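Next up: some structures, all given as structure tokens.
Shared between the two complexes below is chain A, which pairs with chain B and chain C, respectively.
Up next, the complex of A and B:
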């Protein structure tokens, strides 16, 4: 089995004067959930369409599961599943009819098709409602059905374009859990685009950050957090003033200290200890109630990257 | 076979969306109504009362009158229904993202498009057959026996006429992403063909000449419009061919 599910080299796509994807070079290893993060209009959906061979690249090339997207798109489509920005369900048909149709398109033998439909709908809690017309369903249920359709033919790679967009938090959390469970059980590689960073942090073993078609960073969320800087301490309490901030900034282990909504945020250099700083604050007359030390969240990394690019 | 899977889905959608029932019901209604209205017309005129001293002589209705009505009603409403149904065939799927979803699988675009055309053709074939049977039955009940072979030929000409507009509108639905625009193209074709059909000589080759042939067929007069048959068939093939080429290159 190939260790690399997706490989792109200077992949570029223009829409008239707009460059939607700009010299994208990256690799996605097999068997992981890869998060492709970026703001709206960053080029995430265009990248998926390029990788599926639905769009022709303006320049560069891409291979998916070892197949060239320009010349072997059918090979890619046979082995991948896709959940694009719309659920893409036939609303007049029932859930079962929708999956029957897609199963036939994939040439799944009758018995296998029926067993697989039952397996997926049961797992997603939709089996009892399989005969209902899809148009009467909630958006969350439709999205679950779209996930079932994506996995129907046991693909080795699935593309998911913002699968939880537009769902309420409960439905989004349920779908995330289903996705995680299904991806682990089916051992598929998942290429997930999202602008929900908490979602990416929970699901993804590796993430890529894209903005205006350019890949800004790629790596494990922890790596990105580490790359964005040293640990940070957040101190909650009272009596933080400019004099204290000046004292802290003068310390060699402190890179920056700022007050935000009565919380003191201290960027540390290296793996510095927080205890001496707490002593300093107390001796300066501040009251410390709580100290949290940690790395920047993926959201902070993301915002930093966006800021740097500007 | 992917084509059959797509055709099955199209037919299922026609059934679930009640499109099949609506088209069949409308054409069946006119199938019944045409002979009936031809038969009742003189009585209706009489029942309207005085005409201010003007005497209008209405000849006794015949089976031909019933069939003329059938050709007129079915062609008008059939074309309208054809445009309404075909305008969304592809444009709607592109709008809703289902086309991209299906075609992100190993499904050929030609199968996708042709399945739609065949499904629409079957829908109208069935509806026209039902309407034709109704018209045939009422005509022989209310008037007298009519030539079966000629009646079938007349209905085939009607079917070809409607099929032409189906193909034109499907092409419109392929070119554009908007159902309204596709419908506009279909209706535009109806008007253009009607205008060209009214021109001497050129009119003999337009699909509108099919209706004239259908009318005179039952009367046993007039000349066959083989030129119009050829042009209509060529038009259907050309529309489908262009639609296939355009759709194959279209980015979804």
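Up next, the complex of A and C:
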């Protein structure tokens, strides 16, 4: 089995004067959930279309599961599953018929098809409602069914374009749990686009950050957090004012200090100790309730990357 | 390839029969069609329904009406209901998707036409048979079978080209109505516009020819048109273009 599921080299796609994907070079190892992060219009969906061979690149090249996207797109589509921007379900048909159709598309033998449909629908809690027309279902249920359809033929790689977009927090959390469980059980590589950073942090073993078609960073979420700089302290309490901020900023171990939503955020230089800073704050009249020291969240890394590129 | 075409046809037929929300609604729709074309109109026409060779024109016209309603939905419907991209991202080949959709529309239109024709035959025998068994002459019967099939193919060919370009089903259906009007009226007005001498010659040729000759010429013309339209649809079917449209 190939260790690299997706390999791109200077992959580029233009739409008249707009460059949607700009010299994208990256590798996605086999067997992981890879998160492709970026704001709306960053080029995530275009990248998926390029990788599925649905669009021709303007420049560069890409290989998916060892198949060239330009010349061997059929080989790619045979071995992959895709949950794209929309669930892509036939709403006049029942849930079972939707899966039956795609089971036939992938030439699953009748007995195997039926067993697989039952297995997936049972796992997702939809088996009892399999005969219902999909049009009567909630968006969350439709999205779960679309996940089942994507995994039906046991693909070795699946593409998911913002699978939790538009779902309420409960449905989104349930779908994330299902995705994690199914991906682990099926040992499938997942290429997941999202602009939900908490989701990426929770699901992904590796993430790539894209903006205006350009890949800004790629790595494990921890690596990206580490790359973003030194640790940060978050202080909760009362009496934080401009005078205190000025005192903190004057300290050599403090790179930056800011108030955000009544929380004091202090960016530290190196592995600086927080205790002397707490003493300073207390002596300056502030009341400290809680101090948390840690690295920046993926969201903060993401925002930093977005800012750097502007 | 054949299995894939059949799979697409299976899905298309399911969608056609469920378009009114349930199988019962779909069945009523079919019964209504058969009632109009297989009972009401034959009862009005009487014995001439079977005895006159004009039946050939009628049965070649019926599929135009039936196929139009289905084929407009083929690609424009998938695009409108946001299922097209998922279908294109599957392992199905371009040829299988296109052939499956065209075959489903042709099968629906032609199958319903044949069912209505047989019901019409029974209706005329029951109502106007007077103890005789009324049957279409062999040449007319063969002509009805062949020409209605080829006419279904013609509408499906035009329809799939229209549906590939249309962004909504309504737009596709409107364009199809215009295309069908042109298909029906251009030959009629074209003949009207011919010089009198040519018209006389044409009428003489038609009157002089037997049914078999007319059927064969019409079938050859329809066959060429069908193949041309299918080739054009195949050339127009490009995944990237369909997604970006």
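FYI, the second predicted complex is superposed on the first by the 309 of 310 C-alpha atoms of A that agree within 3 Å, B and C clash if a C-alpha of one lies under 4 Å from a C-alpha of the other, contacts with A are read in each partner's own complex, and residues count from 1 in each chain.
Assume a residue touches a chain if its C-beta (ideal position, glycine included) is under 8 Å from a C-beta of that chain, and two chains touch if they have at least 3 such contacts.
Model, not experiment: these values are computed from the prediction.
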Clash or fit, chain B versus chain C on superposed chain A: clash
Partner chain in contact with A:119 - chain B first, chain C second, else both or neither: neither
Chain A residues contacted in one complex by chain B, in the other by chain C: 49, 52, 54-56, 74, 77-78, 82, 84-90, 92-93, 97, 101-102, 104-107, 133
Chain A partner contacts - residues on chain B that touch it in the complex: 2, 4-6, 8-9, 12-13, 16-17, 96-98, 100-107, 251-252
In the complex with chain C, residue positions of chain A that touch it: 15, 49, 52-56, 74, 77-78, 82, 84-93, 97, 101-102, 104-107, 133, 159
Residue numbers on chain C that touch chain A, as the complex places them: 3-4, 7, 10-11, 14-15, 18-19, 21, 81-83, 85-93, 239-240, 243-244
Touching residues (chain side chain A, partner chain B) in the complex: 49, 52, 54-56, 74, 77-78, 80, 82, 84-90, 92-93, 97, 101-102, 104-107, 133
